[in-house]
Each structure stands twice: as C-alpha cells, then as structure tokens.
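Next up, some structures in structure tokens.
Two complexes follow with subunit A in common, the first pairing it with subunit B and the second with subunit C.
Showing the complex of A and B:
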C-alpha cells in the first residue's frame, strides 16, 4: 500500500513542474502589463516612473530569472505580494478565502452523493419505468440549465419575491456576536441558494453516471452466477451490483474537482461570497498577476491532491489496482 | 430501442430550430438587436414585443435571435479548434507511441489539472475580451477529451489485420492515418464533439455574463443575462428568456450527442 502511494507521489513531480510552467507561461504570453495598467489613469507617470515600478516588481529581469524567483518563492509557499492597493501577501489572501470555497464544495458534494446515488440506483433498478423516464427527462433539463441563470431565477423568486432567503454574502453583518445556534441558522440561510443551485448540475451528471454504471454491472457474468446460485434479486442487486457500480464513482469524484473549483467563480461573484473564486475574479479584473498565478497553482495542486486521494481510495476499494497495477504504471 | 431514438430526434429538432432562428434572424424579427428605442424602455412582453424590451428599449426577441448566432458560432468554432488539436495529438500519440506518446500524455495530464474556467478567465482577461479570443481560448483548453478518445480508438485499431496489411504494403504513415484509421475511429469523437458544442456554449455564456465575453452592444445570451441581473427587481423577462434559450440549445446538443452515442455504441445494444 505504502509502495503504491509512494509511486503515485513520485509520478506527481513532473506534473507539478508542468503546472508551474503553464501558470507562468499564461501570464507571460499575455500582452498586458500591470505597470502600464496601474498607471494608465495617472498622467504624471512617465517612462522613468514605469521603469522604477518594473524594477520594484522585478519585471525588468529576463524571463527565466523571473520564473526561477517565482518558483523559489513557491516552494516556500511565498507567492509574492498582491498588486492590489492593500499590498498583502498572496498566500494570506488565499488561505483566507480557500476554506470558504472548500467547505462549500464539501457540503455540496455530500448532498450530491446523498441524492444522486439513490436516484441513479432506482433508475437502473426500475429501468424504463415511469420513474426512470420522468427522472431522466428532469435530469437532462437540470444538466443543461446554466447554473448562473438558475441562481438568478432563485434570487428573484426566493430572495426578492418571497423574501425568504438572503441573496448576498455568507452571514448577516454583525452576526459574530449572536449565539451559536442562531449563527448556524444564519449561515444555512445564506448558503441554501448558492449550494443548492450549485449542486444541481452535479446531481444530474452523477445520477446519470450511477445509472449507467449500475446497468453495466448487472450485465456482468458474476451477477448471472450470483442469481443462478439462487440468491434473491434484491440481494444480488445491492450486495453484488451496487458495490461494484460504486467503484467508478470514486474516480469521478476526483475528476470533478477542477470543475467544482472553476464553477465557484461565477457563483461566488453572484452571491458575493468571499471565497477563492471571487478572489480570482477580482484579481483577473485588476490584472493582479501574483494572485492569479498563486490561485492557478493552488487550484491545480488541489486537483492533483484530489486525484491522488481518489486513486488511493480506489485502491483500497479494489484490490486489483493495488496488486496488479505494477505493469501498466 | 425506440425510446432512445425519440430523445435523439427531440434533440435534433431543438438544434435545428435554434439554427433556423439564428440563420433567419433578420427575416423573423422587424427590430434591430442594437437599435435603441428610449420611448419603450423595459416594456413588458406584448404583441409588439413578444418578449418585452430591455433597459435601452431594445427588442428582447431580436437580441435573442442574434445572440443565437454568437452562441452557435462560438460553439462550432471552439469545438472545431479543439477537435483539430485533439485529433492531431491523439493520432500522433497513438500512431508513433514511445517518447512522443509519453510527452503528449504528460502534457495532457498537466492540462487536466487546471480548473479550465480559471485558465480561460485568466487568458481572456489578459488578451482583451473579443469573440475570436473566446473561441480560440475555449478551443485551446478543451482538446483533452478528444485526444484521449482518439488515442484509445487508434490503439485498438492499430493491431487489426487491415492496418497491418496496409503497413505491409508500405503505405505512407499519413495515408494509413487518414484513409484507414481516422474514418474507423471517428464515431466516438463525433459524439464527444456534439456534447462539446453544448459545453462551449455554456462557457461562452458564463464569460459574457461575467462581462469578459461578448461585449455590449453586441447581443449574447450571457450579456443579456447581465442586463437581466441589473434589472432583476423590475423586469423578470430580461432574466428569464436568455436563460431559457441557453437551456434549450444545450439540451438539444446533449440529447443529440447522447442519442448518437447509444446508436453508435454496440455494447449498450441488447
């Protein structure tokens, strides 16, 4: 087991290197320059002042030097300081906003599994029934709906029309002094819309996936064997079928991480949630290079870690991977 | 399986309707999508303006129809770019194998690590938002699925007798790839391309919604929704219809793609 994890960790190293190269390239290939942008409104900033600013940020050095400096900082988790007026270290800004995004996604994923797996399994069990057909139609529509539009509709209906839910932020201003249970209720009210609507697409995708995975498994020979042994259909379905059909879901979980992180940009901007997505969006609008590079790197890193965890979990669940994986690594 | 086919035909109908609307937009609506009518600001849906007007008095229906042109254009060109890259890299990777294959696959793994919306957002914001930039950047960040699919198909086909025969005849590599391998490997790629059109349309509308996609005054479903968000308290029709248009189009391509997959994948046939 340790051997397997170690091998996976080693194979991540070239990927890490590639990630930093692409992050750096993306920023360098772009024609914009934070110095010209930052001073474009200031008539008095002349070429001399530009030069001084570039030197201050190290933008006048050759590319490979800039890359190495950045990489050196990266290893020590030092992403430089933000170009924004507050000039704070990038890492502080990220560690502040990352937990918000992570927690929202973890809570969201929990609901995705809670709803999508039973839905998919039932659809497969009663294939072509009325339930299967209606849920298929509804899920296809949910999958096609642009989530920011559904969010907009939700804001109009629940926030403005019914006035049930707040439509901005994650807590009421001044709620820090409230008793704990009221604060939790307050959070919940703020998070129902962004999380509830954010997971719709994932629920649709995951339950469709679960359904086809289940249908594929129950056509396997070992299911026929189990049935011919005389086991009841229910037992075969849940004990032999479901357990095997759940395996690929672990991989899907790992693969869905970049999409979830990426999707946070629109949602967090819409609901004014102080997470990493909104931080990234604001940074992009201001051409705040260090923050953009930092978040791109952290986002890719999170994906790598997610994939590693999924692989390890898969190898726990399926011994064939653990013992048979050596030859096709 | 008649049920599956039914879904596919519904998808095809939706796709064709949208294409029809986009193509004949000037005939279908008397109003220009960008002409202001300040006497008619934010009027609710009526006979004259079936879907109402926006905060500058522009007809929402004509903006929707012209917006369909943008969405479909972005969808097709972006997928064209990603398919060209994906097919080229997948074919080279599988056909030549070895170091080339390893390098391309590692590069692909790295690309897959990035939340693609982050990558697209960063590049677009630096390059100045424009229609061309959006299409190119979406194309450049979404070729990975097609590469993997085509590579897998090629690896399966490579060992089959007719390819070995072609090689034994001494045919050029490019001939084998173009005449023998590609036509036999295209089915799953086509399915993936159909689904990718839907994905590209969603990305474009998201970017335009955030204000870094198609720029005003040109209509796009995404930037129409931004107007809808700004007038959220007084004009529900501004926020409702562009979203429905996106939903219908994306649904159409998804149904068409899924239907094609079921038709082309013999494993799922009973």
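Showing the complex of A and C:
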C-alpha cells in the first residue's frame, strides 16, 4: 500500500511539470499582456513607460526563459510576485482569498451531500412515484435557473423586502469588536444566501447521480440473493444496497477537492465576497501571469492528490480492489 | 432542502427587525453643520495600492486624494487653482514655474510639508525603476530645484502648457519615500499612506472595504467607508436598503426611481455631465473613409438625439467635439451635425457613391459600400449604439456589420494594430485639454492613441502651438480652431456625452452638483446632529 502511494506520488511530478508547462503556454496564447492592458487607453502613458514596465516584469525576455525563471522559483516553493501594481507575493494573495472560499465550499459540499443523498435514495426507492417525479422537476428547475438571477431574487426578497438577511458582504461593519458567538452568527447570516443558492443548483446533479447509482445496485444479483434469503426489504435496501451505491460518491468527493479552492466569480461578485474566484478572474483579465500560474498549479496539485485519495479510499471501501505490486493480492 | 430552509429560517428569525420606521423618517430637518457621522459608499473595484502613481485606478485616486494634498487642484468648474501652494508664478518666457508653498501644512506624524517633499515625489516619479505610466510629463522638466523650504521651481526647455496640470500630483512625504530609495516600488506608502488630511486611512481590508477617518475639524463628516461591491446591481440593492449613502445610478435606475417617493424621501438625486464621450472612429487608412464627404455624410445620417434617447434613456446629450461642454477649452460655437438624410445622400452622390446595380447598396468603381463596426464585448451601451447606427446607415444604402470582441483582444489586435474599418469607443476626458496623444500625426505607431491615423498638418501645428502657449485665452484660440477643423473633417463621429446620475442620502447636507461633479465641496458636507446615524467612536475608535 505505502509502496503504491509512493509510486503514485512520484509519478505525479512529471505530470505536474507537464501541466504547468501547458498552462504557461496556453496563457501566452491569449492576446495582450499585463503592461498593454494595464496602460491601455491611458492617455498619459507613453511608449517609453510601456517598455520600462515590460522590462520590469521580465516580459521582454524569450518565453522559455520566463518559464524557467518561474519554475526555478516554484522549486523553492516561491510563486513569485504579482504583476498587479501592488507587486505582492502571489502566495500572500492566495492565502488571503483562500479561507473564505474554502469554508464556503466545504459547508456547501456538506449540505449538498446531506440533502442530495437522502433525496436520491428516496427517489430510487419510490422510483417513478409522484415524489420522484415532482422532486425531479423541482430540482431541475433549480438547476436550470441562472444562478445570478436566483441570487438577485434572493437578495431582493430576503435582504431588501423582508430584511432578514444582509444583502452582500461577509460580515457587518464594526463586528470585529463583537463577542465571538455573535460574530459567528453574523457570518452565518451573511453566508446563507451565497451558500444556499450554490447548494440549490448543485443538488440536482448529485441527487440524480445517487438515484441512478442506487437503481443500478438494486438490480444486482446479490440483492436478489439477499432478498431470497428472506431479509426485510428495508434491510436489503439500506444495508446491502445503499452501502454499495455510495461507492461512486467517493470518486466524486475526491474530484471535489480541487474544486474546493475555486470560487464562483458570479457569486463572489454579487455578494461582494473577496474569494478565489474573483482573484483568479481579475488575474486573468489583467494577464497577471504569476497569480494565474500560482492558482493553476495549486489546483493541478490538488486534482492529482484528490484522485490519489479517491483511489486509496476505494481500497478501504471495497475489498475487491487491490493494488498492483502487492504480492498477497 | 428542508434542513436548509429550517436553518435559514431559524437564523433569519433572530435577525428579524422591524425596519419600516427607518424608511419613513423625515430627513429634511437641518440644525446646522456639526462634526460627526460616517459616509458609506461603494466602489466596483478594489485598489492594488494607495500610491496612485503606481496603481492608476479610480479607487486609489479617490482615496489618496482624500489623504494627500497637492500643489494645485481643480476647482468645481475644472480650473486649476492653488491648494498646498500659496501661489505660483510663470516666468514671462513661459519656461519656469515657481511655486510658493503654504507654511502651516503638516503630515499626520507632525512633519511639516515642504518643497523637499515635492522634490522627492517628483524624483520618485521620474526614477527609471519606478513602475509608473505617468512619467512622461515630468520627464520634460529640464531642472527642478528647491530654492528654500517653501519654494519649488521647475524649468522647461520650452514653454509647455500642460505642465502646469502635472503639478496637481499628490505630494508624498519625503521621509517615508526615502526609506525605499533603492526600489520605490516597494514603498510602505502603498499599504500605509501618510498624508496631510483631511482624512487618514483607518483600516483597509483588501477586497472588502477601506475606512477613512478625518484628522481635523473639517471636513464635518467624521469618517468614510468605501465598500468594495463588484456588482452594480448589488450596489443598488444596498443603496435601496439604506446601507449606502452615496452611489451612482444607471440611467434606467435613475428614471425609475427619480419620482418614487419611497426613494426620493431618503435620497437627493444629482445629475451632471460625465467626463467622457462616446464616438465612432473611422480607420483613415481605409480608402472608404478617406473622402471627407463620406464622413460628413455619415455624420449627417447619425441620429444623435435618437442615440441619447435609445441608448442612454435620455440621460446624456449629443457630443460635438473633443472637450467637455462647460469647460474653458470647449468651443461653444460648434453644434453637432443635424440629422439630415437628404444632405447625407447628396454628399455621398458627390463623392461618387450611387447604387448603379440597383441592389439597394451604394457602389463606386464596382465596389459596394460595406463596412464593419467593431466594439468591445460586454458594453451594452456601445452595442446598442452600433445597432442604431447600423439601421441609420442602411437608410443611405450602406451595409454595416457589427462585431464585438473581448477587451484584451480588442485592444491588442484591433485598436493597437489599427485593424478595423470603424470602431465605437469612448474617451474619458482629463481635466487638462491636451489633444496631442489622440490627434497629433506623430502618435500613430502601434499602441499609440491616434489609431485612426488622422493626419493634418494644420492640426499638428495648432496642437503644438497650444502646448507652448501658457496664457489660457491665447491657448483657447488654437484649441477653438482645432475643434473647428475636426468638426469640419469628422475623423470621429462624436456621438454623445452621458450624464452621471448620483444619489446621496438626504441626511447629508450641503451637497450640490457643479461641472466637476459633487465631490468638490466634500469638506463642507455635514449631517445635522439629529440625523446622525453612525458613531465614529464606536466604529472607528
């Protein structure tokens, strides 16, 4: 097992290298560079200033040199400094935006599973019933509704009309001096709308996935066997069926890990949340290469780790899965 | 799902507060100016640093403008007036400007502001390593010197009229700048500005808000909080909910709410011309547009009133020239081309464009009159403008296609390389009327701003003459003539100047609009005691 994990980890390195190389090349394909866009149509900026800025950022050097400089930094775990005029270290910018996005995504994911799994199981159990059909329709409406519109409606209804929830932001002004429990309540109130609307849109996919997984499992031979042994329907369904139907969820969980650091630009902009989505979006818009590369690299790394974790978790959940290299398989 | 709503409901109930009283409160009472309260406003984008010469964004300029002072500043009618300077003197030959500084100005830490600080700021801007796009005007200075602690003098090789406005730059403290002499880009002023007031930075939470606290008795408003709300609709909702005191309104929002009592009970609305105009520019390298009659014809066929009505919902006025109406440089005798389809058709005929093959499209030498208007994606106003023009020109028998491009592609491939027939764009108008970078024939290289390749010797001469003429009245003669030529030649179709519509909460008194906007007398704004809403001691202890 350890051997397997070690091997997988090692094979990640060339993969990661390849990913960064491709990312670096692809970013360069989009027209414009940070200097052009930073001074574009600024009547007071002349060509001289333009050239000076290009040199300051090393953009006048050939591409492979720029990449090597960046890679050298990365090996020393240095993501470089941002091309935005603040010239702050990329890692500072990321660590500043990361916590709020990470928490929102974890809480969101938790609620998605909490709601979608029972919903999917119920839909499978009472397949084609009234409940199954109405929940499908409702969920797909929630899924199809444009999230920015739902967000606006939520803001207008709960924020403006009922005044139950704050419209935007992540905390009340001046709440730093409040006692902790009031601050937590304050955060919770601010996060209900952005997380809730995000969850609403994600339930559909997850619950349908759960439903089909469940339906597939209960058609298996061993379920028939279990039934023929005389076990109660409930027991067969939940003990034998559900456990196996949950297996694919592990894959989804693993694949969700890189998604945890990615924020939605739409939500973050509408709700004024200073998170990763906005950081990345702004970086792309102004061609802030170091920030883009930093986020992409971390994302790639997390994707690889997520895959590995999912594979490892499988071996625990499903004894039939064995790894190569294990002689006692 | 049910659990979500249960949680939401339980949390929401604790937050439930009856708030109708707030909306019905009467904000008309006024017991006179007094210190206190906090002004809540919002901005769409965060700033990257609070040194505006380095960051160059609006938020940075606004905030730094409240923290630092400058030798000169613009008054409410957009004229340059002394601020930190007691007075200034321009030598007879126009090459030397001498500034006498006021003696009683102190930085927040008690250090007096002197000519040395002006010098240090100037050196910071022209330093080779400083990453600023604004150095060019300062590099024209031949010699800058500190004559004594309160006298600063600059020499130019030749008279340069726009130079004066460059001394509206904010003055940074020398003793802090010096700390990062090796690399000014790392100055701590980027995060912790040290100015002279009227406000100082209280707190900056990146991506969330900037709080400013007043440092003296004036301004009356004791604090300002600028929230960063990247979404314009969310900003409006916050305004309606009473969480913002000051916000710009989109034309439609303005029209829908200007007569709504629930809104006007709480907000005063202000409307003034914004510092920008929208135009359609012709690529003059394209033979299609080289004939002046063709450009004039298209201008006669442009329904400017319909554009203002259809695109801006009436919130603007037709544009006719390159300067802002109401400022000294604006040529009052120029009126926009009136809509006259007959005249347009006549001009096109004179230029040789007739529909010889009866396919509905004008042609000349076997070529149809077709062209493409390009504009940037995501700007619905410009797109609508393009659509209206498309229809208007079709009335003449001209076929127009419209294309939109993502901003950076638009700038890099289309504008900078002059790869277009016609474009719809806008220029923001700086307070300093210097047409050099947009209209001079030397400015047509890739990345420069005369991307329509307008070349006219007389215009070049007028621009240069205006630049070397220090007396405003004489300078205006050149600029007036320049505007007449541009009006005649129509290298741009000047389309419209939009209004800025601003809502300000009614409890804030003494706010009025001038050509420069409403911020000109911010130090005199106040909230009477009985209407004060936020406690500065509580929120910014």
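We adopt the following convention: the second predicted complex is superposed on the first by the 299 of 329 C-alpha atoms of A that agree within 3 Å, B and C clash if a C-alpha of one lies under 4 Å from a C-alpha of the other, contacts with A are read in each partner's own complex, and residues count from 1 in each chain.
The rule is simple: contacts are C-beta pairs under 8 Å (C-beta built on N, C-alpha and C of every residue); 3 or more make two chains touch, one makes a residue touch a chain.
What you see is a predicted model, and the numbers here were worked out from it, not measured in a lab.
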{"item": "Partners on subunit A (subunit B, subunit C) - clash or fit", "value": "clash"}
{"item": "Which superposed partner A:19 touches (first subunit B, second subunit C, both, neither)", "value": "first"}
{"item": "First (subunit B), second (subunit C), both or neither touched by A:188", "value": "second"}
{"item": "First (subunit B), second (subunit C), both or neither touched by A:115", "value": "second"}
{"item": "First, second, both or neither for A:269, with subunit B first and subunit C second", "value": "both"}
{"item": "If touched residues of subunit A are counted for subunit B and for subunit C, the larger one", "value": "C"}
{"item": "Touching partner for A:140 - first (subunit B), second (subunit C), both, neither", "value": "first"}
{"item": "Touching partner for A:221 - first (subunit B), second (subunit C), both, neither", "value": "neither"}
{"item": "Which of subunit B and subunit C A:303 touches, first, second, both or neither", "value": "first"}
{"item": "Contact residues of subunit A, present in both the subunit B and the subunit C interface", "value": "30-32, 152, 155-156, 160, 269-270, 285, 287"}
{"item": "Complex contacts: residues of subunit A adjacent to subunit C", "value": "30-32, 36-50, 52-53, 56, 84-87, 96-97, 111, 114-115, 119, 152, 155-156, 158-160, 162-165, 167-170, 173-174, 177, 185, 188-189, 192, 196, 199-200, 203, 268-272, 274, 278, 285, 287"}
{"item": "In the complex, subunit B residues that touch subunit A", "value": "3, 7, 106-107, 109-119, 121-123, 125-127, 198, 202, 205-206, 209-210, 212, 225, 228-229, 232-233, 236, 239-240, 242-243, 246-248, 250-251, 254-255"}
{"item": "Complex contacts: residues of subunit A adjacent to subunit B", "value": "14-15, 18-19, 22, 26-27, 30-32, 128, 133, 140-141, 143-146, 148-150, 152-153, 155-156, 160, 258-259, 261-263, 265-266, 269-270, 280-281, 284-285, 287, 292, 295-296, 299-300, 303-304, 307"}
{"item": "Of all residues in subunit C, those that touch subunit A in their complex", "value": "1, 3-4, 7-8, 11-17, 19, 46, 48-49, 54-56, 128-129, 131-137, 139, 185-186, 190, 206-209, 225, 227-231, 233-234, 237-238, 240-241, 243, 407-409, 411-413, 415-416, 427, 430, 437-438, 445, 447-449, 538-539, 541"}
